[in-house]
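Here come two complexes built around chain A, the first alongside chain B, the second alongside chain C.
Right, the complex of A and B next:
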């Protein structure tokens, strides 16, 4: 058991490093990609700044608090992109038949598919978010003890797992419908944009939905409440400390659905 | 017990029926009707260790579906499959260690990386020891000339090179069974010959059992003693290739382009099997008449602009087997 873990671990790193070398073959695309993402996020941040200029605050959140909230979401999204972004294009593998090769090899197909790509385009997200978080940290004059740093770390890990879970779920759709990429643009993209603003901006039902059904609130809003010592009328900021656990449970659930989809694929071969 | 046992194997697909127009598209979101398509029906055969078997049939006959069930990609609807004592769809990963698979149309190599790196990754995937890896790579390089393109990314390889790399990759972990799905499709004569020699060698030297699906009768002729013919999901023939060849291999097809159409064109000893405008197809038995005789008889009745001589293709053979029974 221990040996299998170690060798899987090594195999993962070997495949990941192969994926990085493959992506580095397209250097120009790589740098443009990073620049593109960083610019697009900077654009959103500037929009926030313009808005806050006339409103002072949104739902009691000041400009730099909002930037913090936004950058926290992008940071965990960046980590998620590294590992899971290619899951959205599972449909291409299924339609052109290349998915079958994951099923004729003696390793777990989920693990194999996950290890096929390590999306270094995510450096755009990571670059922007670390920079933005640092500036916000300085502007808000924060000083944290160990607990808050641990909660931040947990939020990034949990957030990556929650968003990764959604990507896995979207990719599982390909097993039933032979489509996944378009679900990404319909589901993930708008939801992520909503998370750039405080949850209290939205109707109560939607807030409930993002806490208990699709736990996006654990990606940035709830941890930010705890980290910035803010409050919500009904949910305690302590909920924000639960992100990694919520992430694990949610991801496991999405993984089970993916495996159920794989079983369906094996009986239809669509 | 044989190495591969297939008993009354069937596979049905359910395909969503497409409905016409916008209204249909919306309706199908909520309610779908399914059509049942039988891909493989009641197929039985057994293959012994060391055999080379041609699994042939026209497009959509169920060849790939059978291979997918033998490799564990698909779960059968009913019937039994055993490969080396394992049930592939239940012990897929274990089965993967004893088989090698090559899909002619799709590479299993890492597209953007130098070819040699795919081998190194597969070494890890299959936990191949350093010694075995080096030994195998030496042999494959010698026979297939892999070193010509070790450093070239897979996407830049020619089709022939890519197939050579693919088949070597499938044998890296010393499988006892090799599945080849259209291994020579699109290759030129020289590349085809090279592939066939390699397959033959692996079978002879290592006793690898080979199951080969193909359109190309000459693949089968060069490699296999036995062929299993499948059409519309059913086994039409399972037996010696020589028997089929004796029976059908003596037929030849003469294709002629005429200058003017002659509806009264009748050729003694040859049968007009197809015509498209001025182009006619005649089938004759080469043991009864020579091609020259048939050409003479045609040219007595009409001016020939161009001609070609052909062996019957697998589709034609199957059609003939249908008509005459086998």
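Right, the complex of A and C next:
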């Protein structure tokens, strides 16, 4: 058992370093990409600033609190993109018949598919979110003890697992419908955009949906309540500390669905 | 001339039929449009927070602004997106288009008309008619206002087409287009007034936006729809749109003529 873990671990790093080298071949494109991503998130932040210029606050969240909420989501999204973003294009492998190669090798297909790419384009998300969080941290004059830093770390890990889980779920759709990328753009991308704003803007039923069914609320809203010491009559800030556990459970669940889909998979031939 | 028009209309007809074959795409696009409508509706509801009006704009007018803006965005969504133009240039497919006896920019426009007509008739209009019927929203009060709105929306689409295609053609000179894409999408989401009307901008930023062509894409038609541009202001707003259309279209033709000379086919 221990030995398989060690050898998988080594293999993962070998595959990841190959993937990074491949992506670094186009160095100019790589830097432009990172800059582009960072800029487009900065664009959303500017939109928030314009919006709050005349209105001051939304649902009791001021500009920098809102930026904090947004940047927290992007930070965990960046971590998630590193490992899981390429899952959305599983449909291409299935349609082209190239998915079979993941099945004939002596490593776990999920692990193999995951290790295929380590998307360093995510440095754009990380660059933006770390900068934005630092500025928000300074503007809001926060000072945190150990507990809060731990909760932040937990929120980033949990958030990456939750969003990664959704990507895995979307990719599993390809086993049944031979489509997945489209679901990302049509369902996950708009939903993710909704979560850049305080959850309580939306109707109660939807809030529960994002807490108990697709736990997006644990990515940024609930942890931000705890970290910024905001209170809300319906949700205790303590819920935000649960992010890593929710992330683990949700990810495991999505992984099981992916495996169920895999068992159902029949090659399209070529 | 008539014959040429007939040829281009044939492209519209074919595009319409192709859209009909890929209905799944139209409906999924509509789905994400609904989510964004929902999101911006609740954001503005939250911003108003029970206030009847802010800066002379009632909540009802603001909500109507967002709904009509999302409808126009839904319609625009059926046009050729920027990345597709970039992909055509990058893959060299555009060389094939240039060899054929038609003008590529015009051909794209007419194909888009076909796609948009299908998407509009089968997805966007039915949804938004129901929405306007269900929710208490502000609509134009006279036939004249309706007519001006449609005219302005059409001008808006043509401005967008000119700008988007011009940005797409920049791919001829650039190997990496990430930056161009971001400038385009940022401008089209903020300066066009698609989600925040220009009158809520900070003063200096509003001045900047007023000197840019993007306002003509969504802001002017939306504002006409909710009656915020009235009387003589309508004439000047339409004139601004026409002026920007002339400039952007001229720029497009100029860039296109340069691009045709600059063709570099990568790969074989």
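Rule of thumb we're sticking to: the second predicted complex is superposed on the first by the 265 of 270 C-alpha atoms of A that agree within 3 Å, B and C clash if a C-alpha of one lies under 4 Å from a C-alpha of the other, contacts with A are read in each partner's own complex, and residues count from 1 in each chain.
In this section, contacts are C-beta pairs under 8 Å (C-beta built on N, C-alpha and C of every residue); 3 or more make two chains touch, one makes a residue touch a chain.
None of the values given here were measured: they were computed from a predicted structure.
In the superposed pair of complexes, A:35 makes contact with chain C only, with no contact to chain B.
Legend: residue contacts after superposition of the two complexes on their common chain; A:234 is shown touching neither chain B nor chain C. When the shared chain is aligned, chain B comes close enough to touch A:14, but chain C does not. Once the two complexes are overlaid on the shared chain, A:25 sits against chain B while remaining clear of chain C.
Shared-chain residue A:55: touches chain C; no touch with chain B.
In the superposition on chain A, A:96 makes contact with chain B only, not with chain C.
Legend: residue contacts after superposition of the two complexes on their common chain; A:107 is shown touching chain B, with no touch to chain C.
For chain C in complex with chain A, the residues that touch the partner chain are 25, 28-29, 31-32, 35-36, 38-39, 42-43, 45-47, 49, 54-55, 175-176, 178-179, 181-182, 185-186, 189-190, 195-196, 200-202, 205. Of all residues in chain A, only 28-29, 32-33, 35-36, 39-40, 43, 46-47, 50-51, 53-55, 58-59, 182, 185-187, 189-191, 193-194, 197-198, 201-203 touch chain C in the complex they form. Residues 13-14, 65, 68, 71-75, 89, 92-94, 96-97, 99, 101, 103, 105-106, 108, 110-113, 117, 120-121, 124-127, 153 of chain B are the ones touching chain A in the complex. Contact residues of chain A toward chain B in the complex are 7, 10-11, 14-15, 18, 21-23, 25-26, 96-98, 100-101, 103-108, 112, 266-270.
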